[in-house]
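Pasting the structures in now, so scroll down.
Two complexes, one shared chain (chain A), two partners (chain B, chain C).
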Partner chain A sequence: MFDRILDPTGLPARPTNVAVAARRVPSLAGARVGLLNNTKRNAAQLLTELGDLLRDRYGAVVTIRRTKPHVAFPVDEPMLKEIAAVSDVVITGVGDCGSCSASAAADGIAFERVGIPAAVIVSDAFEVTARAMAGVHGDENFEILLTPHPVAVLDAEQVAERAAELVADVADRVRESAR
Partner chain B sequence: MTGGTLDGQVTDALDGAHQSIEYMYDQGWTDGLPVVPATRELVDAFLATTSRPADEVIGRLDHLKREVSVQLAAINAVMAGCRPEYFPVVLAAWDALMAERSTVGGGWQSTSGPAPLIVVNGPVRRRLGFNATGGVFGPGFRANATVARAIGLIVRNALGVVPHVLEQATQGVPGRWAMCIAENEEESPWEPLSVDGGVAAGVDAVSTTLLRASEFVDNRHTDDPEALLGDFADTISRTGSWIFRHASAGVVFCPEHAQMLAAAGMSKAGVRDWLIERCGRSEADLARAGKNHVHGNVRRQSDDGDPGAFHRYFADGAPKNLPIVVAGARNAGISMVVRVFSNWSGISARVEPPRDGATAPAV
Partner chain C sequence: MRDETRLEQIRSTLAVDGYQLSVEEAGSAFDVRITAGAGSCPDCLVPKNMMVSMLAPILGVGPDGIRLSYPGDVAPASHT
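Here is the complex of A and B:
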């Protein structure tokens, strides 16, 4: 009887899920790091701190910093290519709102699909929406790095502390040796 | 009788209805209230009310990999409890919503949890029984209730923006998916909202904008139009609603307030101009809320500045920043300030006229 009830979602019966993880870099020494800032408050500062820590502790070098034109949407193709061309690994975030946390997950998956390992940083208040977006973009088990909410209200010193807490996870997320 | 099943087939119609409702809950297709099962026959009756093809794409969110077709809109309108003849109004409401900047950005996923205010103008109001008078924001009228609900179900089901998942409203807005009002054109002294949206008076049209709140102004206390508007200015100017350099707000005037202002010689534009000049706060007031400095376009705390400086609430007097509607009963001086999420697109959508030969089967 219920097969006469029409589906209001327009979704295919079986969603496709194809996890594609880029090959991790063997080491961060000399690795080129791209930073993609999603414009949320303190995102640029957190990424800068992480870039500095990856340089000081692991010998990586930040080669490109870009800011997304629209916080709610995933990175567009030209910016993705521009970053991918000069990066061995990418760090993006901070997912700190409804739409931007979701799009941060999509950004990470997009970089992985072009062969760049990506660390995506999301406030833990938005974990569910980021994971749901990962599913929408075909990799429901995509690994997201969580940081305690809130991020936007932190002062400069607190942002630096967050970066220090995150940097080992970021490194482990993108390099081979730890996996 | 309780009915029952025979070889897995439901033999009682009411049992079947109940089981259908539970089935649709199990699928995650409802907004929390029961929905009507959308059958091919019923959806076809809805599709017969429009000249638009069933597969026409009328909305999309590429970042979520989802799109809305006329057919999906019809399925959700059936589920919401619409009658077939309401469907052209649902489509017009959807078209108007898609003209809004926020709805094609991340607005539906926002922590602010905005909700559309849908305003219906023209003869369609009476033809389909839209309430324009008493309790206009409240329930009790099928056309108002189900058109608003249809929009919510389309966003949930066809766009996939589901609460706690891709929808991240911190609290959301009371009346979400329930705010569809008809303008009380008969008792308004002014041109309808749809005229501000570019559609001639007397033509069926729908305007929408996303809201973050509605708050009443009860003023039965003065016969001075400036004192009355000052009461609105006070409500509009509260700091909590203000996050960027400027903000937008609309007013849904009750007929009594609108007529009092019109009797004093004020046009809608005149009311807007009065409010534009006076709505706002001193920098000292804004400093107490941490909002006294504009950085980029966002308000922030700063120790610098001029505490006596006056910050205007509105960017300018365009209808898209301060839409004005007249609705409600002529029984008291009670109006509503509505908090616009970003601003109104300023574009009203025409409602497709009834098609010749289109019949509306009993539902």
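Here is the complex of A and C:
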């Protein structure tokens, strides 16, 4: 069972990263939204609901949906580039365990570093882990959007409610006018 | 000086994934053991180097002052 411990940092032994925040979009009207699902239960639905809400309330459009091959590892460079090429903003999550909250934070920072504002959703039980990973990546003040733990056990209606609770924060996280 | 509040936060976070954390002071260092409970999530534990980086400021020592063992380890070992 424990024949391996996964390393979700995606970092060399001595990271030299510094905090880099992407320029926020002026408005979400017409903004292209990328959704990165980390495979955790209910992550896909939560992201879909958020995409729909960003469309309905702000006029954004979801242009790409991708799923990470492994929950514990940060997005790989080909997938990051693929998403970044067709997205103005990215939403990723859900950090609903130790390693996946850490890798979700790493994903958000990676998108910011290639110029894409990112909203990272983590359940509040794993805030400590996500923030620790952000610190490892040189961005200890990286903003993480929290939702009550757990997410995995929610039914469809409850996931939709969570999305409705989060959408304004997601919008504020990625657009210029709210910062 | 160890920060008991933050240590408890780490302990609570691990417990959500089914792990238990014990910390024993050993001179100027700490023996930290993480054990797996029933139903623990095998892919949910962060790597040792990251766990040490999280624990070091909480325990008030450098990374070298923490001997960390994970489930499946034969004996407490350095994180390196």
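Assorted remarks:
We adopt the following convention: the second predicted complex is superposed on the first by the 162 of 179 C-alpha atoms of A that agree within 3 Å, B and C clash if a C-alpha of one lies under 4 Å from a C-alpha of the other, contacts with A are read in each partner's own complex, and residues count from 1 in each chain.
The working rule: contacts are C-beta pairs under 8 Å (C-beta built on N, C-alpha and C of every residue); 3 or more make two chains touch, one makes a residue touch a chain.
Note that the structure is predicted; figures quoted are calculated from it, not measured.
When the two complexes are overlaid on their common chain A, residue A:74 makes contact with chain B while staying clear of chain C. Applying the stated contact rule after C-alpha superposition, one finds that A:102 touches each of chain B and chain C.
In the superposition on chain A, A:44 contacts neither chain B nor chain C.
In the superposed model, A:149 makes contact with chain C only, not with chain B.
Within the superposed three-chain model, A:61 lies out of touch with both chain B and chain C [touch as defined at top]. Contact with both chain B and chain C is seen for A:129 once the two complexes are overlaid on the shared chain. In the superposition on chain A, A:84 makes contact with neither chain B nor chain C. Residue contacts after overlaying the shared chain place A:137 against chain B, while chain C stays out of touching range. Shared contact residues of chain A with chain B and chain C: 1-2, 5-9, 70-72, 97-100, 102, 126, 128-129, 132-133, 136.
Put simply, chain A touches chain C in their complex at residues 1-3, 5-9, 70-72, 97-100, 102, 125-126, 128-129, 132-133, 135-136, 149-150. Residue ranges of chain B in contact with chain A, taken from their complex: 9-10, 16, 19-20, 23-24, 27, 29, 37-40, 43, 63-69, 72, 75-76, 79, 105-107, 109-111, 153, 157-158, 160, 164-169.
Note for the complex: chain A touches chain B at residues 1-2, 4-11, 70-74, 97-103, 106, 126, 128-129, 132-133, 136-137. Those residues of chain C that touch chain A in the complex are listed here as 6, 9-10, 12-14, 16-17, 36, 41-50, 53-54, 70-72.
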